[in-house]
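I have a structure here, written as structure tokens, and I will follow up with some questions on it.
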Amino acid sequence: MTRTGIWIVGARGGVATTTVVGALAIARGLTSTTGCVSTLPAFSKLPLPAFDEFVFGGHDLDATTSFADDTLELARVGRFIDPQLIHALRADLDAYGSRIRRGITTNCGPAVTRQRAESAGESTIPLREQLAALENDLRSFRTEHALDEVVVVNLASTEPPLDADPAHASAQALDDAIQHDRTSLVRASSLYAIAALRTGCAFVNFTPSNAAMLRGIIELAEARGLPIAGSDGKTGETLVKAALAPMFAHRNLRVLSWQGYNMLGDRDGEVLADPEHRRSKVHSKDGVVSGILGYPVHTHVGIDFVPSLHDHKTAFDLVHFEGFLGHRMMLTFTWLGCDSILAAPLVLDLARFSVAALRRREPGIQKHLACFFKSPNGVTEHDFHKQFEALLEYAARAG
Amino acid sequence: MTRTGIWIVGARGGVATTTVVGALAIARGLTSTTGCVSTLPAFSKLPLPAFDEFVFGGHDLDATTSFADDTLELARVGRFIDPQLIHALRADLDAYGSRIRRGITTNCGPAVTRQRAESAGESTIPLREQLAALENDLRSFRTEHALDEVVVVNLASTEPPLDADPAHASAQALDDAIQHDRTSLVRASSLYAIAALRTGCAFVNFTPSNAAMLRGIIELAEARGLPIAGSDGKTGETLVKAALAPMFAHRNLRVLSWQGYNMLGDRDGEVLADPEHRRSKVHSKDGVVSGILGYPVHTHVGIDFVPSLHDHKTAFDLVHFEGFLGHRMMLTFTWLGCDSILAAPLVLDLARFSVAALRRREPGIQKHLACFFKSPNGVTEHDFHKQFEALLEYAARAG
Amino acid sequence: MTRTGIWIVGARGGVATTTVVGALAIARGLTSTTGCVSTLPAFSKLPLPAFDEFVFGGHDLDATTSFADDTLELARVGRFIDPQLIHALRADLDAYGSRIRRGITTNCGPAVTRQRAESAGESTIPLREQLAALENDLRSFRTEHALDEVVVVNLASTEPPLDADPAHASAQALDDAIQHDRTSLVRASSLYAIAALRTGCAFVNFTPSNAAMLRGIIELAEARGLPIAGSDGKTGETLVKAALAPMFAHRNLRVLSWQGYNMLGDRDGEVLADPEHRRSKVHSKDGVVSGILGYPVHTHVGIDFVPSLHDHKTAFDLVHFEGFLGHRMMLTFTWLGCDSILAAPLVLDLARFSVAALRRREPGIQKHLACFFKSPNGVTEHDFHKQFEALLEYAARAG
Amino acid sequence: MTRTGIWIVGARGGVATTTVVGALAIARGLTSTTGCVSTLPAFSKLPLPAFDEFVFGGHDLDATTSFADDTLELARVGRFIDPQLIHALRADLDAYGSRIRRGITTNCGPAVTRQRAESAGESTIPLREQLAALENDLRSFRTEHALDEVVVVNLASTEPPLDADPAHASAQALDDAIQHDRTSLVRASSLYAIAALRTGCAFVNFTPSNAAMLRGIIELAEARGLPIAGSDGKTGETLVKAALAPMFAHRNLRVLSWQGYNMLGDRDGEVLADPEHRRSKVHSKDGVVSGILGYPVHTHVGIDFVPSLHDHKTAFDLVHFEGFLGHRMMLTFTWLGCDSILAAPLVLDLARFSVAALRRREPGIQKHLACFFKSPNGVTEHDFHKQFEALLEYAARAG
């Protein structure tokens, strides 16, 4: 049997945990594939890996003595995973835990530094050594489990935006910066991406961290013939925006203001409570409406940390628009979604589509995966329906 | 200059009034075309009539001494038309009022009969004479104003559903029923549609009344080489449904329940407060979600008469859905739209597209207009985005 | 130690189950008293029973082999009780299950008859024998467990409203009706109430069923020196209404329309899907707004059965109101509450306050408990804040 | 006839304009008193001035050539005043306009300074001269119109919070600071308040600006035997909070988080878009929930400037709370209110109650008016219902 590795950066977070639990449960027939896009009939002709082919591993900052126990604790607090399921998967979950390696936080931003004061040891290690260690972890993972393909998915905490620099412009310039240990020019996510590509893995950036998708990194993917896709999984409020905004355009209704308020309480929310980190997310979420409508709209994206909500993200959006005879009207929506539950199947989808691209030798940016991302690299289309049409067309061409 | 007639059945209602005010105001440069689909750049190659070509007339049950004064009263109560605009258009509005002819209520249902007890005189007039009178009105309209084309748009109160009957199956069978005065087999809307087609007009059914779109009527349109389109303008809550439901399908999220509550207070709401009439509307609104998702969903469509809201329709929808690992989540939306303001520009769009079809000699059901209707005749696709794509493709082919 | 009996009619329903689980858990220190009114400091001087004094029993239609297993199933489906808690309370829960006796469905309405076709055997048993059997169950409960006081709480499915009849006017007339087996003049809830009072128990009607609170029943309570209270626990949407409506009155804002839509999916919702049964609930919920505002308001109370929601009731209310200069404005609210979780602590509160009344020898209608009910018997005040003030004043007088 | 002066600081703002239009319209019988609290029957025994006794004047920064024309423009843009009404009141409105005097912006904060760069001339004028000029305006107003009583109401833009200083502690210390021209210790609102009290007027602070309610100012009111009341009119979202929060307390439901998002687009919103000014408002709005519940709650008060909404404030609140068995539930509400329409009648109420206090010689802080304010000076009770009870009790005592 083919064996496919999925390596998760941020291996112990809520999304990662839900991804692994879900994939294991599907493989065992304990849950359905509801929420997975790649299992829709339209994609049945693609060489997608089966769920029971997957082997999971990853990087994280915390060690774990029992990943199954950690997951039970998440189930208790978050109330979105059935404890029975965890009991049934206990051995596999602990095996996953044993495959988690110590990651890095290089230049990850103040919120991570605050949370991880103790673990900032790597800041004194040269970048090239950090990179070598990450590569080593990935090579070992591939070898030990005899993996045919490996996809690395970045699910780490959102980093602050990285300012543009000439050192990002090519794979060579980027490598020079690393060799000269110019720490301020990269972030941890850059090193994870480079390590993935240098060890022959596909790479998916599920976060808004732009440091993972520098021009030089994309060039590296192209040069190595590897697929790469990002950025920022489109799971909830932005998904609704991207589905609704075209309606206003198609009806020639003029959107005057689109206010979006996001409330969430998990670790993601805690990191995003820091204005530096939040900038990445707001920027990613905020381009969608004007991008679809084609004219500047008064928009606002609020992200507030509300601990009691835990992972049960609640978003409220107000759309104020003008119709015939200048009359003003309103649409509001409230989204009550669980972030991990929404994100996890998309992580599996992106991993599966990436493996298909590896198998079909389709290197570089996977533009047909734009529908999965808030800020799809290499794609300017934000209309969710057109993005999904593009995915269907890809599947039809490939079939 | 070309002159184009738009003949409105229900000529004094809120939608009709807003349509006429808006068209006149656009022609004079007093308002923008916001809310009109047909003015989008994508349709610029079609032979659409200009707004200043339009001459409006119509049928209604009430006489008017001054349509401009009636409109001022609507503006006062409904607060969605600027009184200044009415003053500027006073002469043209009164001219429109003078072109309104007395209509019919044959078999229109209990709510209309109750409102119009005094006007039920026509029930003793044979159907063929009623039809002849309608035809005569339309011919006079065309001749008096030297109109190149005429479109008849049905904006009358929603009738109860008409049960299927073999007499509906062909133009001939339908004509026989009329000649034999079988009143129970047709409704007023049937006679309006037939009169339109027999006098060379295009016909648009903006209401859910199925009696206007019987198989025999569509056959008549085909035989006469005339365009016909319906049914039930998709203006508000159902539009949002049709834009949002595909999102759940594309994400493989399983919709468990979709509850929709509509509150409105205008005459439309009053008629729909009658369960017989409401059946037509609920049926029309209710097919969309399951139609898009492809599986049976627990749905509910409520329509409640709330007089204080007048034309400011408020709808609340709850979507309960299941995602990964069987977890249940929720989306709610509240739509605060003004029905007349939303409907009027679509009436103008449908008239303009119908005129283009007359000019391009495209008879029969105008399937590319499905995006305008809740229950598009001849089309099973309910995904709003795909419907709009179909309209774009039509325009591209035609250009 | 004093021992206090709580006898629940509808002993296996969601509210009953949650009540018993909660009381046992509080007694064991496994959960807090959040949601219980009677534990607020203001009531500390009242002779309220402690939670560990309680012994639970009840009537139901279904037998159970293991109440703990039933509760686990409820926890699995409803997701509002922690399975861990059930495991910790297993023995006590099963003991409660063993104290459940077979109840009656006499004249309970079509929805119950449909659900319980098989159990309709009692319809052939004379009313006086049914009553005697119920009394016997209550006497045994008291004796076997050496109970100092017993409170009977009606949590059975809502019955249709019972039309007024002279036979309801006094305890004597009511007894005559029972002796003469005039089944159409009473319902099961009447017999439960009478049995309770005839065996010296306090009685609480937590349902809207008016048959449980006939004038003759209240007279019986007064004659026996027993407390009685009802009707229809005010748990969610109506609570919010009763808290908000006074605001409009105090600000002299004129409420034009108050629309309320309730969606729920448990057995309660299923019974209320029947229009006969729903009438009781709608009547109970609908009096609040006009009762508080003091003028007739256009109101609507919708109750829809949405199975996927299970016990997670969702309500949407729209308040349309007029302010200064005739300007119209709107308030909407969405209530996402779990019915059993909200009701259970109030059941315990009512039982505790009833026991205090037994101990303090305060017979008849407990008017100070109005804040717990949608339709407080004997009280016309619907302003929740004034109702709560009345409870505080009672406690202050009693202290 | 008695003549009563109402002098408005911020005389040309939306609230002031609506107040004057409304009072004139009521006096002429052109509109009802809906929205006015003081006209409720409970207050009929108080010596309140009639609406036709009022003479309006005020301070503002902008001159006006025709206040009636300005009001028509407000009606056109804001759509909450009927233009017909303005036509009917044209002469009186222009007369009001002619009574508006040039005000001051001393130390009013960056947002006002930005808007009023040109008008900052007074910054070079000594405080005591500024004060003398304001007093002179008020004395002239009283004399010219032979006014029996005058109330000054502060409706100016919200100033940033003024830090505590010993100079605020007494009327004497405050006067010293003014005499020594210590500009940083006071703001414009302080001077307005002092001028009002030194010329024998009652003073009402309808804004959150704390500089208007310094201890020394309150002492001055007491010394002069004049009523004073504030701060920050409770018109919309906070009113709902204050009405709803007690419900959670009375049901022992633990509020975990209360998030409130306010969107508005008028000049008030523009000023509050500045973080310095917003601090005053947020502080005022944010104390209510924890104040009522008696324990610290995770709260958030957002205020965002959304120009398209103009005066039609939209607020969204989410209340996350815990009930029995630790289960978490949610209430959300959306408030669609027009700020000026809600505030104007309360301004009239406060003026009327202040005049009654003048007539009844009740100097100092008017604690019974707490229900009108978000941050009632001298009162810690935030429960709206208890605040209203206090007002009723005052009226009962006074009657």
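Should a chain be cited, it is by its letter among A, B, C and D, assigned in written order, with residues numbered from 1 in that chain.
Methods note: a contact is a pair of C-beta atoms (placed from the backbone, for glycine too) under 8 Å apart; a residue touches a chain by one contact, two chains touch by 3 or more.
Small disclaimer: the values here were computed from a predicted structure and weren't measured.
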| item | value |
| --- | --- |
| Which of B-D and A-D has more C-beta contact pairs | A-D |
| Residue-number overlap at the chain A/chain B interface, same or different (half cut) | same |
| Mean-CA-position distance for chain B and chain A (Å) | 45 |
| Chain B and chain D, separation of their C-alpha mean positions in angstrom | 49 |
| For chain A, residues contacting two or more additional chains | 322, 330, 332, 334, 336 |
| Arrangement of touching chains [line / ring / star / complete / other] | complete |
| Chain B to chain A touching residues, read off their complex | 18, 21-22, 25, 31-37, 39-40, 80-82, 85, 239-240, 243-244, 246-247, 250-254, 322-327, 329-338, 341-342, 344-345, 371, 383-386, 388-389 |
| Interface residues, chain C side, partner chain A - complex | 79, 83, 334, 336 |
| Residue numbers on chain D that touch chain A, as the complex places them | 256-257, 259, 261, 263, 298, 300, 302, 304, 306-309, 314, 316, 318, 320, 322, 328, 330, 332, 334, 336 |
